Amino acid sequence: MITALCPGSFDPPTNGHIDVIRRTAGFADRVVVAVVGNPSKAAMFPPERRVELFRETVTEWTDIDTRFDVIAHHGLLVDLVEPHGIDVIVKGVRAGDDYQNEHRMAQMNRSIGGVETLLLPTSPEWSFVASSLVREIVRLGGSVEHLVPPAVQRALGETR
Amino acid sequence: MITALCPGSFDPPTNGHIDVIRRTAGFADRVVVAVVGNPSKAAMFPPERRVELFRETVTEWTDIDTRFDVIAHHGLLVDLVEPHGIDVIVKGVRAGDDYQNEHRMAQMNRSIGGVETLLLPTSPEWSFVASSLVREIVRLGGSVEHLVPPAVQRALGETR
Amino acid sequence: MITALCPGSFDPPTNGHIDVIRRTAGFADRVVVAVVGNPSKAAMFPPERRVELFRETVTEWTDIDTRFDVIAHHGLLVDLVEPHGIDVIVKGVRAGDDYQNEHRMAQMNRSIGGVETLLLPTSPEWSFVASSLVREIVRLGGSVEHLVPPAVQRALGETR
Amino acid sequence: MITALCPGSFDPPTNGHIDVIRRTAGFADRVVVAVVGNPSKAAMFPPERRVELFRETVTEWTDIDTRFDVIAHHGLLVDLVEPHGIDVIVKGVRAGDDYQNEHRMAQMNRSIGGVETLLLPTSPEWSFVASSLVREIVRLGGSVEHLVPPAVQRALGETR
Amino acid sequence: MITALCPGSFDPPTNGHIDVIRRTAGFADRVVVAVVGNPSKAAMFPPERRVELFRETVTEWTDIDTRFDVIAHHGLLVDLVEPHGIDVIVKGVRAGDDYQNEHRMAQMNRSIGGVETLLLPTSPEWSFVASSLVREIVRLGGSVEHLVPPAVQRALGETR
Amino acid sequence: MITALCPGSFDPPTNGHIDVIRRTAGFADRVVVAVVGNPSKAAMFPPERRVELFRETVTEWTDIDTRFDVIAHHGLLVDLVEPHGIDVIVKGVRAGDDYQNEHRMAQMNRSIGGVETLLLPTSPEWSFVASSLVREIVRLGGSVEHLVPPAVQRALGETR
């Protein structure tokens, strides 16, 4: 049995993130989604709200919903390894410069916690979607309906 | 139970490759190492010899040696998925341009065979080691003792 | 007849930007320069001042000055397409990591507005010039005379 | 009126190439597709056959087929500029390392022939498709039906 | 005799920085380490404290300690060239996107001050270490003992 | 006193190479230019002819010509270190993917020979010039007069 950790700031969760955690559930038995909140950054949604948005989304996948845990986390990723029985970290990566950052984070997490990170190439159709772009479009009054899951779409309707 | 496929031309296998397949055995239950031979390229060792070199190497890891299969393969990677019960492909990647090629290969293999590829960042100490550099050093008469596993080192002694 | 949109934050306009919009006028019949102001960032010049700096610059090109419109814009780029009759967006790109961001922005703008983006490689002589570097040099008391057009040079004289 | 040159080795033409030339016809009035044959490379199809494959493909677009010229060319790209009235070169580029090569080719062509090159980001769904990957899949006996236009699909049926 | 300038924000100095300045002393006769403080950024240590941390570190290298000068600097790098007799700037660079920024900074410094910059590839074992990652680990309560020199380790003990 | 080694295949030497060795002579006391010939590649000029072309070029710099040695070399670079008293290797690098290869070569040469490599960013005006592009233009009948030094220009006149 393999348990995978999918960490991120997810502010907000996008269809790209959803694609990564669903595909991770295709080869891992259990997936822990950890919402990492950096308090020094202004956020679109507070970390706890992002946890709820993932939970609402996962609940819609009735065939595999029992295989996901969604948690908020405020410390080092490696501190999750033992309590949650994590075997590997899985991160989605887009082509290009994303890789350099993830490569370093992976080597750092292995250096300080002995845990491996596996990088999962994004699906082509979500390769250009990033939370920062979604926030920018929302700020400028555009629609992100085709870029985020329904739960986020509903939440954006509330916040605006 | 998870079965991982580690493919490559491995001409010759380097300490970087060895590091990747050992680390893959850290989270996968079984590892299939597939030596892919491109007949249009002149090779240092024929594919069958590379298979032997991996087998000699794996045999030295007496605690985990039963978890490895080493095979030669001359077709599409996706043709290995069903007969070998492959769950995921795992490829080691170095920082930089390696990622672009692997990213595309991953998307292609998912497109034609529905199989996922997970990219595993190289260990820093092997980040500069590539089979092509090893071949070049050998061609120019240098020593690669610290870059390849003992079985390859012995085989190079024979071939020169 | 083709109308190109050249958007940017242009804080301040550099010789690299000037080079891109002049070269765009070499194949487009009309060029709309849109100064995009992100209110959440502290600026060297307010967006309206940047519009003036471009207008002063364009006026000096008496042979082609009637082919430029310079505007400030505070919404999505795709909202400019219909009112200004935009056929394509043209962005200057330097070698390296610039491309990844522009690639994603291009795919995003096509996704939300159906408009194409064409990337124009910078001229080698301006390949290292960025507004952020110009701001840094000015902040540290250096001269940017050879990096910005005369109108910006004059404006910097005023502000310091 | 603007005339765009879309050059490439196109061995074979892929859905990615088709996407680029169709999108180029969306903002250019006329598109010259130039099949560039490097005689030093072994080819899947000879340049003249690739020209035919494009012509068959273009003919199926009855609404815009009169706007394409397809030619074979064996010299410098810049030699096509005057005889064909080329205003700009348009090249499709995928994320990542593609850009570096195209950036240099663009600066070189401007240096020797004064012609501008515009880089058009690939559509996400074709971002991983390259002629070299298509040739590799075909060589290994796989299907490329979803990666190439019908004319190429038919031609591959003939050649195998 | 050659004098090298090693500039950086060094907040805090890491083993990667230490590796670069020691290796620079391997081919340069004198090394000027310049701590560049950007007042607009919140810092872990003020620039003057970073200077002290380097001085404590250098003092431990009793065989070569007389060859280092450590200074704080608040202006353009090129302003250090004449007063300190700088022949070249030396910057450590990790694989990947680091290079693009350093490439531009190098061309800019040559453009405004006529001074050359030489880029020194990081040692593989420190290739993933960056001051920003060190600050993040410290912020989250992790240990960075194996990533920073003893003087920084002691200072972190004081500040927490 | 510092002696720098500038290695390359230089087939043919370009203005980019000339720029790098001249700039190296700006901070090094002596420069050894080593023409490295890979016998497995078809060449425009044999290595010995490339040595002559550099010698002719250097002779024209009467103020600094005594500071250059030009040699052909067929072994490992690190074998040149002791006999020629090399302190550092200096390689010119263009923006982008060049860096990844040079980064690895640098780490490899340090690993097998203990010699450091310093990477010198190309001058912007030569950033797009590569020997392979020069060979391609010559093959297609174009002029490379503005891309190569006079000695190479004369030699190309002879060979065609």
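Read from first to last, the chains carry the letters A, B, C, D, E and F; within each, the first residue is number 1.
Operating definition for what follows: a contact is a pair of C-beta atoms (placed from the backbone, for glycine too) under 8 Å apart; a residue touches a chain by one contact, two chains touch by 3 or more.
Remember, predicted model here, so these are calculated numbers, not experimental data.
Shared contact partners of chain A and chain B comprise D, E. Looking at which positions face the partner, chain C and chain F present mostly the same ones, since more than half of the interface numbers are shared.
Each chain gets a centre from the mean of its Cα atoms; for chain B and chain D, those two points are 34 Å apart. Touching of two or more other chains is recorded for residues 94-97, 99-100, 103, 107, 124, 127-128 of chain F. The list of touching chain pairs reads A-B, A-C, A-D, A-E, B-D, B-E, B-F, C-D, C-E, C-F, D-F, E-F. For chain E in complex with chain C, the residues that touch the partner chain are 74-76, 78, 97, 99-100, 103-105, 107-108, 111-112. Partner chain F is touched in their complex by these residues of chain B: 94-98, 127-130, 133, 137, 140-143, 146-147. Those residues of chain E whose C-beta lies close enough to touch chain F in the complex are 2, 23, 26-27, 87-88, 90, 93, 95-96, 99-100, 102-103, 106-107, 116-121, 123-124.
Of all residues in chain C, those touching chain F in their complex are 94-96, 124-128.
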